[in-house]
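Before I ask anything, let me first share the structure, which is written out below as structure tokens.
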Amino acid sequence: MHLTLLASQFLIGLSVGMTLFVVAAGLTLIFGVLRVINFAHGSLYMLGAFLAYSVASFLGPAGFWPAMLIAPLVVALVSLGIERGLLRFIYDREHLIQILVTYGLVLVFSDLVQIVWGTGFKSLAPPPGLAGYVTVWGAALPRYNLFLFAVGILVAVGLALFLYRTRMGKICRATATDREMVDVLGVRSSRVFAAVFVLGGWLAGLGGALVAPTVSITPGMDVTIIIEAFLVVVIGGLGNVWGALVSSLILGAGESLGVLFLPRLAVAWPFFIAAVILIIKPSGLLKSVW
Amino acid sequence: MLAVEEIHSYYGLSHVLFGVSLSVGEGGITCLLGRNGAGKTTVLRSVAGLTRVRSGRVVFRGETITNTPVHRLVRLGISFVPDNRRIFPDLTVQDNLAVAWAGRPPGAAWTIPMVYGLFPALAPLAGRPGGCLSGGEQQMLSIARALLGSPRLLILDEPTEGLAPLVVRELEDQIRRLKDMGVNILMAEQNLKTALRLSDYCYVLDRGRVRCHGTVAELGRDPEIRTRYLSV
Amino acid sequence: GRTPAAGTGKVLKVGIIDAYSGPASSYAKDALDGFKLGVNEVAANGGPKIDFVTRDDQFNAAKDLSWAKELVMQEHVDVVAGLMNSAGALAVASYADQQKVPFITWESMSAQITGSHGGKYVFAMPPNTTMIGNADAKEMAGLPYTRYWLAGDDYDYGHSVVNSFWAALQKDKPGVQKLGTSWWPVGETNYTPYLNVIRAAKPDVLFAGTGGADMVSFLKAVQASGLNKQMAVLDHTATDPSTLKALGADAPVGVYGTSDYLSYYPATNANKDFVAAFKKAYGHGPGFPALYGYLTARFLGAAVQKAGGVNKTKLAEALSGMTIDSPVGPVTIRAGDHQLETPMFFGRTAVQAGRTTLVMKNPVEIPAAQIMPSLASVLASRKK
Amino acid sequence: MLRVEGITRSFSGFRALAGVGFDAERGRVTAVIGPNGAGKTTLFNVLTGHLKPDGGRILFQNNNIAGAKPHQVFRLGVARSFQLTNVFNRLTVLENVQVALLSRAGRSGSLSRGSLSECAARARELLDRVGLDGWAGQNAGRLSYGDQKLLEIGMALAGRPELLLLDEPTAGMSPEETAATAGLIRRLPGEGVTVLFTEHDMDLVFGLADKIVVLNQGLCIAQGPPDEVRAIAAVQKAYLGVEA
Amino acid sequence: MVRPAGLFSSNAGVTAPGPYGGAWPSVGAGAVLLFLPAVLPDYYLYLMAGIFVAALLAVSLNFILGYGGLLQLSQATFYGAGGYAAALVLTRTGLPFWVVLPAGPLTAGVLALVTGWFCVRLRRLYFGMLTLALGQLVWALAGRWYAFTGGDNGISPIPLPGFLSSPRGGYYLALVVMLASLAVLYRLVRSPFGLTLQAIRDNPVRAAGVGIDVQKHQLTAFVVSGLFAGLAGVLHVVVAGSVDPSLLDWTKSAEVLIMLLLGGMATFIGPAVGAAILVLLSMVLGVYTGYWLLVLGLILVVLALFLPQGIVGFLEERLSEKNPADRAVR
């Protein structure tokens, strides 16, 4: 009995971690290639959730899947606007200046979302096939969590293939270490930057759209995610997608098991885990691109 | 084929080049000499589009290319090998070349097998991350990448810096071979022996200005130049 | 600029501080709408004119206090109102009492506002956490459950509701058993790990103290993991229409909840009129914050009339012990501690034909008298 | 003066130093040469505490300093310059040297401004020596590569070192500056400074060194006076190339 | 020249402070400030006092961030620690106020010593994240320890001695403590210690190479910065009269960081000016618009794009451009 609880708790934790990974993957990708600390990533995530809500409620009962498709794409488009209109002017500025700009965007988005969508609570129902739960080891695992888990794995594999198998991925990795040199070799790094930012934004939007059926969609969900996503990115090794995967899973499983053993510390778990990892491995779990 | 006309360049507020003019003719190796901080790197970077030229012109094959975006220069036939080589450390040798291949201009003549042919030492290293190469290997890779742009003008910034003598020798041979293949070369070089052995024409820079220029033999006639810049 | 007449004139100036941005903003907006409705109604009935200014605190307590100081020192308001953030409400309550400016909270549910931080100038509209706990315990005592799991938001609201519920329940029904407790952070996005642990312990009842936007996520997790089919689930705000509306068909059926106020119950004329007027003004029905915003305006209107002006001390004195008619029947500001005596409603979520959202089925009204904390205990908490 | 015994150091499995041992004698100039990647810089990093050796001993004046922290090594009298320039970019050239002087005097933590002005004169002297006196007020980051290397030597000298390690001190310098730097190095033994340097410029190496240590693939393959080393076939093959 | 530079790596941007900047203007301004209460109404005194508190906090952050090059992302932890210490001493003990004043910074300093001990082993953003994680642990503790800290309800009201309970009293205390602290910090920055700290910021490896115990220096600077942040926390208690966990939260740290960037970290006084601007903006914009976050966000974006060196940094650059002699050696 206790063992099955442990196992199911662990499994749930992994599925929680996977959702975090989808968001953090975009963040670490942007960080790794553009060297921009994009605070507005959480805002894009929030935007993804709100857009998914709007699309789904516009289309009615069959709206879920189109929403999963359209919302991230719209967020990607918004990201393109941000990159072309703003970020590309500050790439060679100090990181703190980039933080300032993206933090400014966070503030702007938080009010914009409220202006556009109002203040009421919003929520989106999972599609019928993903509602309810399956019983695993005596635990009720929501189907939707399993779906998230699968999507997380897909994203991880997709990113791996992209970064290590495609030429574009190789160019991204090259740009990550030396942008000017990529230009010198005739590749337009500014396009690479734009593409990566859009991809990262798309992932943020996807993350937002994906969690929309499990949470209440509110202004403020940007702030909740961004700190945890940053913890993931840093303890995984800045810019390292695999690091982000590993640390998301550790955080997810750690928090979930924490609920079992030390429930009073739930608030502190992510920070506690992050602090312990950083003290043991001062430059993150896996190799950083820095 | 390349004419630099009275360029002035700055780093931030500091004025570094004061009206530098030079030209590179067809079919030779042109060398920039001068003490540290004379502005050699800055001249090369200005030509390669990496440092903004505030005034003056750079003309390449009849076309004004002042401050053209870097990636477009590759399309026009200018490739640049920077002084610190700038290999992508996480990418393998093969992938380093693949990135350059992605940036090649349409109709480029050089292929990856061809550059392996020129630098046979690189072939067995194809799968090794660039960051693990020795200095000499990195230099070869850096030139190999640049060649994939099929340049008409290859710009080399201190190609032999920090290389062991044996490697310097090999590199010289390869540069000479490139020249024979019709690649024009503009380079900065502090290793005088190498510079004197390779160059057809020299410019001596001093504090951001061209001090004098000529063939090695011509320059050697001025005793002051000879002792200050050419004596070994 | 302040004219000397303002202190004695008929125009009452109210400074409102609330969380107009962030996750809690929907409550703040609702309360403000109710307040505006009340202000118009007071004026329409020949009562005094009430002016107001609003300040957004972003749910930050430090901002609350600085806005309160701005409103008092710079805007020279006669009354400070609003405040959802408990920490902010407590700090502002102390400040207002000290400055002798009446302060009315219309959202914060901390029992300490009229308890340890109470005073002559401090007033609270919504049922506080003690009253909520009492109401829940009163009703649960009548049900056949004995094995409880207690859980809630890991902040004052959650802890206070849970503690007062448990204390009251133990009194009302000796022999109940506590199997364990869980505390989750405010803003938690995934309740599945918590519910899994609770489910494994097999209690009869999960009593949860969660509120606001998180309630939506919590109920989603309950629904997704079928917890409501395994045990009784009770949460104070589970039947709140703003939550159920967001959830739509995705809400768990049969969850117990108490409500401060429902637009569809009691089905009295007074309530119907209020709801109709609100709908006419804003296009949707009022939530519970709207009621307290509205009551605040009504009380203030009556107080100005009774005090014959806007003298702050006289206003505070007028408010103390005042009774007015309201959509939920006559309500009184208890003279001893300035906590509003207001009824609560208990019931379960259920599908209702013709509606896309669940409702509270067969609500039971719990009269204020049954849930108010004893005055003695409140006053005892004021002695440090 | 310095005795290195069996130093090993690996980077994730790759053995950069595979048991290096040699001596450097007091008041002499010793050169370490070897092909790119032989492990010279790694050796220097180990000697100055920037890297911890996996094994072996470093005896400096008969104390084992293997594994000591860089700042401790410096205070024992071992100073160095770096292969890639390494100065305090946003401090002025003068301040760069002042920082080193303060540290040597154990006054880095001092709060009195007096100590700053006290060391200013000495700092100018040092700048004068390395030929940077004209640049005192410039931000060090604005110096050219070669000048930064000179500044590095100046900072190293500020430590009044007994042992000075120079990692490719003249790489990137013009012949004229190379000659000046060579002159500087040549005078150091007379002031009681023992010098250990690496360089790929063979004229400089053979012109300056009293002793040459040859590294290849993390191993010391030869050591001795210049003429002896030049004659060794293995050295020629591994490093110098045919004609040298 | 674009170099692959990280946060505060040796080649990072150019806007970190040099060792010199003007102190005399601030002394002059201080004199004016002493006489302001004679003409200003209470609310403005309260506002000004709030600015002094924020200014001290921002300058304390700049000491470690701008001069020390350490990406402290959790300065509010020490601010809050100072505030809580003062609040607890005031509410739970009968000790006189002159004991409270040192209690705050002392607590913050000890906390800085403990957390800094772990943090200085890390570099750049890793350092930042560890400060953040540890800071949030402190925040979580303060927000949940109901019996001791009042949990998320915080502590209010806090009894203050009579002469401090008026806006005027708070104004004077904040002013005097801030000016004195700034003077001390300024001296520190220009001492050999400060110079060494800036050298470490530029290039820690090199600094170790010239015999500097990098971590010891960084830890010392971290503690000093924490001490002054704690002092600012005490002032907050005097000015505001309450404490709650939002004082310790990362959003507060972010706010301080913004103050610093607004004013510019290249100058000593810049962060203080940034603090004044942000405090005023938040109070003024908040009165006139419901969407003040949006406006503030836009202002930040525009400033970052056009005045990346901060407002004071920009002014200073302008002045020295006109007067190149300023750049000469001293």
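A few remarks follow.
Every chain is named by a letter (A, B, C, D and E) in the order it is written, and numbering of its residues begins at 1.
The criterion applied here is as follows: a contact is a pair of C-beta atoms (placed from the backbone, for glycine too) under 8 Å apart; a residue touches a chain by one contact, two chains touch by 3 or more.
Just so it is clear, the structure is predicted and the values come from calculations on it, not from any experiment.
Shared contact partners of chain A and chain D, listed by label, are B, E. When every chain is reduced to the mean of its CA atoms, the largest separation from chain E belongs to B. For the pair chain C and chain D, the distance between C-alpha centroids works out to 73 Å. Centre-to-centre, using mean CA coordinates, chain A is 31 Å away from chain E.
For this pair, chain A with chain C, the centres built from the Cα atoms lie 35 Å apart. Mean C-alpha position of chain B lies 48 Å from that of chain E.
For chain B, the set of residues that touch two or more other chains comprises 11, 50. For chain E, residues touching at least two other chains, in rising order: 14, 143-144, 251, 293. For chain A, residues touching at least two other chains, in rising order: 110-111, 177-178, 180, 264, 267.
Looking at the complex, you find that chain C touches chain E at residues 20-21, 53-56, 58, 60-62, 65-67, 69-70, 73-74, 86-88, 90-91, 94-95, 98, 110, 112, 117, 154-156, 159. Across the complex, chain C is touched by residues 1, 5, 8-9, 12-13, 15-16, 19, 110-111, 114, 118-123, 125-126, 131-133, 138-145, 211, 213-216, 218-221, 224-225, 255-256, 259-260, 263-264, 266-267 of chain A. Chain A meets chain E in the complex at residues 35, 37, 86, 89-90, 92-101, 103-112, 115, 177-180, 223, 227, 230-231, 234-235, 238, 264-265, 267-268, 271-272, 274-275, 278-279, 282-284, 290.
By the touch criterion stated above, chain C contacts chain A in their complex at residues 21-23, 25-26, 28-29, 154, 180-185, 187-190, 192-197, 199-200, 213-217, 220-221, 224-227, 242-243, 245-250. On the side of chain B, the complex with chain D involves touching residues 11, 14, 33-38, 41, 83, 132-137, 158, 161-169, 190-192, 228-232.
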